[in-house]
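Both complexes below contain chain A, partnered by chain B and then by chain C.
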Partner chain A sequence: MTTETHLDDLAIKTEALSRIYKIRGAKKGEMRERVALEDINLSIPRGELFGLLGPNGAGKTTLIKILTTLLSPTRGRAWVAGFDVVRESDKVRPRINMVSGGETSGYGLLTVRENLWMFAQFYGIPSRQAHQRIQTLLEMIGLADRANTKSSDLSTGLRQKMNIVRGFMTDPEVLFLDEPTLGLDVQAAREVRAFIRRWMDENPSRTILLTTHYMQEAEELCDRVAIIHEGRILACDTPDHLKQEVQHEAIFQLLVETEQPLNSLALENLPGVLRLHHQWMNGGLQLEISLAEEGVLPLVIGELERQQAHLRSLQKRQPSLEDVFVQLVGLRMEEVERERGNGYHPNTQE
Partner chain B sequence: MSVVTATTPIRKNSGWRLFLQTVIGRAYPRVIGQQREKSWMFFEVLLPLINVAAYVYVYRAIGAPEDYVGFVVIGGAMIAFWMNVLWSMSSQLYWEKEQGNLALYIISPAPLMAILLGMAVGGMIATLLRAGAIIALGTWLFNVQYVVMNPWQLLAVFVLTMVALYGLGMMTASVFLLFSREAWHYVNLAMEPVYLLSGFYFPLKNLGFWVALGASIIPLSLGLDAMRQLAFRSGPSLGFLSVPLEIGILSVLSVVFLVAARWLLKTLERLAREEARLTENRR
Partner chain C sequence: MLRSPAFRSFRMAAWLGWQIESNWTDPFLFAIYSIIKPLAAAGILVVMYRVVTQQAFDTPMFAYLYLGNAFYQYVSAVTTGVSWAVIDDREHYRTLKYIYVAPLNIPLYLFGRGVARFLTTSFAVLIIILFGVGFLKMPLALSTIQWPLLIVSLVLGTLMLGLVGLILAGITLLTARHSYYIGDAVAGALFLFTGAIFPLEVLPAYLRPIGYALPITYWLELMRRALVGRVAQAFPTFSALSDGQLLALLALMTLALGIISLVVFRWCERLARERGLIDYTSNY
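== the complex of A and B ==
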């Protein structure tokens, strides 16, 4: 069978994977359905750091829950480390681990070291080896000096570092990182990302599935990225290849000074203007404008002058995954979040 | 910075070794937690003793046999186990879910039965200390006289009661896997009736045969009754059933509860996975 042949080389494979949630309606006894995942087909080879990029509510966590045997799919199948996540969950579990952003696992009364030792026991790691490994990983992530601190006394960042060690210490074949840097400050997030990259570089057979809604994180860490929106995968490729899709566009960042509201519709309707986003920044209005070609730029500047907006700076920008997302979805990620009413804070991280 | 040891392959036990490690691992926070949170001495020893004292003074005021004072002290100590089973076993998986631990338990290779057993063993050890403190203080304060003719039988009854009681706790914990916040209400609901039906503060026999028989499904009822028969002079005359019969019933209850817990855990885990309740509250 073709599937079996490929499974040996694949860390994760899904076939037409779907999940529909039944949600209680407002009226008594009323049940509604919400499609969280729809026909997800993924093949992730061993050794890859694969990213799932999408806004909150896109289906990233649902997919992780299915792959980590916490949730059954409504339709379709999934394999992790070569085993079916529903029928062979007992074979999947010793081979995986998971770390989620903002998780509060463990017991506050126990120290960092004790919490980690406890979780090591659930994986059958002998105590002595567990303690050695915990010490090494704590040193690597810069938490060794807090090893004997009660976990309830740790800050969010330090607690997340403890969680990271918990996930990595069992040396899983496939590690699931669900928004691992969520809520961390810039420095802590950078350290966690460096740790992840180093862990991958140490052993080419390790696989990570990372979900994030931070574009830069996906770009910096991932070998391949799948963009997921409303339960469907819209694109899947290396970050460079994905960006090439929008490479033909000329993207400019303009900072303008204006005393009257800008008529953005007039700008958007100019021939050759593909997309326009604007926000107030540093006392001026920042425009990000995607053009079909560079030659359209004089038209834009002319329109700005006509509206008595003074150009303070102009910069050509390389396309990012954000541009890919916008091209695929039609909205920026924070706009999707805002529409959903989630508290997306694009500036939480660099 | 050396990273060599982080890449060293690690040995992972499976089978009975993993089961045992899991039990010890999960029992650890229960036992160690008690050492670090000293407030239990007040809330779980002194407060129950106030309740015990109330019954002691009532019995003394009405001139009840002095053994009744001992009955109340033992009952007060056994309440600690019931509270532990209710709050730290039955509803525990709900709290673990809220805290984010349940998902990590499930995705680990550790058997859930071992996790529950670890909770039970840890809870039992921690509660033993509280119950012991209640008995010691109660005995000293109220001058309780024990007449133990067969200490081994008494120990066997106690152990059997614990196995059956914590088996019941493991069984209900499995059921609570499906519940969300309702767990809290169900636990509250179960508390007071069991105080009455277990005969914590009076001989079980006083409930009348049929009610006492029905109450025997709660392992504490028969366990407490048998322990009183074995620890006090007037115990046998106030006992509900004979001690050997009560031991027999407790043995059956232990097996039934443990087997049911195992089956329920497996079945309800599958159901919870299908209905997305392992990590989230009821949708």
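== the complex of A and C ==
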């Protein structure tokens, strides 16, 4: 097969990878199918920090579970570090590690150091070397002073940091991070991102696949980003290239004061207005508006005046991955998540 | 060898199991839990024996049932010790997926997790037997104990129980939250069929084959023979078989069980991977 030839340079490769979950339907005995991943084709070279960006339920965790040998694919194949994740899973496992955010895992009765040391032993790392690595990583992530604390006495955020060290300490060829900053406060999330970046910079052959639903995180950290939605990859490129797709648009942020509700439809229907998003913010109404070109702006301002909305501030904004997502999906990521929260499952089939 | 995945899986799991098992803030409570409780269970049996048979404690029948009951402690302890680790790691510590991602030998990891329970149970069994000898005048003399037979039978029996535990672990992997007490349930269900407290001849003839099919029955008989040979041989069930023949039967059954349990466990693992159950938690 042609794929085997350059598999060596690839940390991760998938071919038409699909996963369907069987779930119980509303009626008794009825089984329904939910497509979590559909025809995923990815090639991630060694040395890359690759991001999977997508809203809740996009299929990010499902993909990570398949690549880490925890879940079987329904169709298609996948290779990690050159080995098939189904047929050669015992060759994959020594070469990888995985961390999921937003959960408190670990043996609470053991100290931070004991937890980590034990997992190092699971990977066959000699004890002394393990202790050294653990100490270095704990210092890097800012947990060294709690090394001898029972992990049950740690806050959720610190436990997550411990879990992150557990993933990095085995120095895997390919590391999977499933929403590593989920649930962390701003400061801790920043520290974790810096930690991830530093670890990647230390050794150019290291590879990370990271999932996130924070646009900014993907933009800031990742060499390449795949935008995933409803089990499909909609776009995959460097953040800069992705943004170039929407670069020709002019995006403005306006803060307006208005007595009566704004007729946003009238604004959206103006020629040259591509998208409009509005939300209330400390007293005013914040509008975010994408225009086909800057010249459309006077039209918008004219319409606002006609509706007796007073402009308080106006700012041109650089396009972000959020804009890319909106262009691809037609909704903002938070809107997708809100709809999911209301029981909207577009990818459920009878 | 010391760094081989098989050995480190077992060794580290045994270490972890011991940390968990001995993690009682109060050593006194730990003693109550692991010694007084089995001792009390033996006490109930003693009283029942006295009330039902009106016989003295130095009769062969008493030694038969007292020792059978004592060693039966291992059945639920070892099978639960091995299978419980699946629930504990998955539901409580939420580490099962990390264990499964690590380059470990999972069956040996689970065996390792059972070691601590084996040790605490051994201690309890020893106390129960000493109690029987000291206070109830059970006929047991150090000089007549067949040590090699005792040790070989105990090792083989523990392995056999561990393999039963592995089957239960596989079932636990698939049944999510419903199998908390699967080890105790199985031990309880088999108790009367294994000749633990009465010879198989007491059972109706159509139930006896169950007893003959269970390796536990042979193992209990071997443990009794190793400790009180003469007394045990007085009972009809296996009187036609020599110690060596019994041991060979137990070894063969353990071997067969080993193959079956590995196949069953691997099959359960495959299903668990297909259904996404390895990191399933009840309050998902």
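Assume the second predicted complex is superposed on the first by the 340 of 350 C-alpha atoms of A that agree within 3 Å, B and C clash if a C-alpha of one lies under 4 Å from a C-alpha of the other, contacts with A are read in each partner's own complex, and residues count from 1 in each chain.
To be clear about the criterion, contacts are C-beta pairs under 8 Å (C-beta built on N, C-alpha and C of every residue); 3 or more make two chains touch, one makes a residue touch a chain.
Computed from a prediction, not measured in an experiment: that's the story for all the values here.
Visitor: Clash or fit: chain B and chain C on chain A?
Guide: Taken together on chain A, chain C would clash with chain B, as the superposition shows.
Visitor: Under the stated touch criterion, which partner chain does A:137 make contact with: chain B (first), chain C (second), both, or neither?
Guide: After superposing on A, A:137 lies in contact with chain B but is clear of chain C.
Visitor: Go through the superposed model and pick first if A:16 touches only chain B, second if only chain C, both, or neither.
Guide: Touch partners of A:16: none, neither chain B nor chain C.
Visitor: Return first, second, both or neither, reflecting whether A:171 touches chain B, chain C, both chains, or no partner chain.
Guide: The first partner, chain B, only.
Visitor: After superposition on the shared chain, which partner residues are touched by A:199: those of chain B (first), chain C (second), both, or neither?
Guide: In the superposition, A:199 contacts chain B only.
Visitor: Quick one: name whichever of chain B and chain C touches more residues of chain A.
Guide: Partner with more touched residues of chain A: B.
Visitor: Of the partners chain B and chain C, which touch A:186 in the superposed model: first, second, both, neither?
Guide: Touch partners of A:186: none, neither chain B nor chain C.
Visitor: With both complexes overlaid on chain A, does A:107 touch chain B (first), chain C (second), both or neither?
Guide: both
Visitor: With both complexes superposed on chain A, which partner does A:72 reach: first (chain B), second (chain C), both or neither?
Guide: Touch partners of A:72: chain B and chain C.
Visitor: Which parts of chain A are touched by chain B and by chain C alike?
Guide: 21-22, 65, 68-72, 90, 93-94, 96-98, 100, 103-107, 109-110, 114, 118-119, 121-124, 126, 166
Visitor: In the complex, go through chain A and note every residue touching chain C.
Guide: 21-22, 65, 68-72, 90, 93-94, 96-98, 100, 103-110, 114, 118-119, 121-124, 126, 166
Visitor: Per the contact definition, I'd like the list of chain A residues that touch chain B in the complex.
Guide: 21-24, 65, 68-72, 90, 93-94, 96-98, 100, 103-107, 109-110, 114, 117-126, 129, 132-133, 136-137, 139-140, 150, 166, 168, 170-171, 198-199, 202-203
Visitor: Per the contact definition, I'd like the list of chain B residues that touch chain A in the complex.
Guide: Residue list for chain B touching chain A: 1, 3, 5-7, 9-14, 17-18, 21-22, 24-26, 28-29, 32-33, 36-37, 99-101, 103-110, 115, 273-276, 278-279, 282-283.
Visitor: Note which residues of chain C are touching chain A in the complex, please.
Guide: So the residues of chain C in touch with chain A come to 3, 5, 8-9, 11-12, 15-16, 19-20, 23, 93-95, 97-104, 270, 273-276, 278-279.
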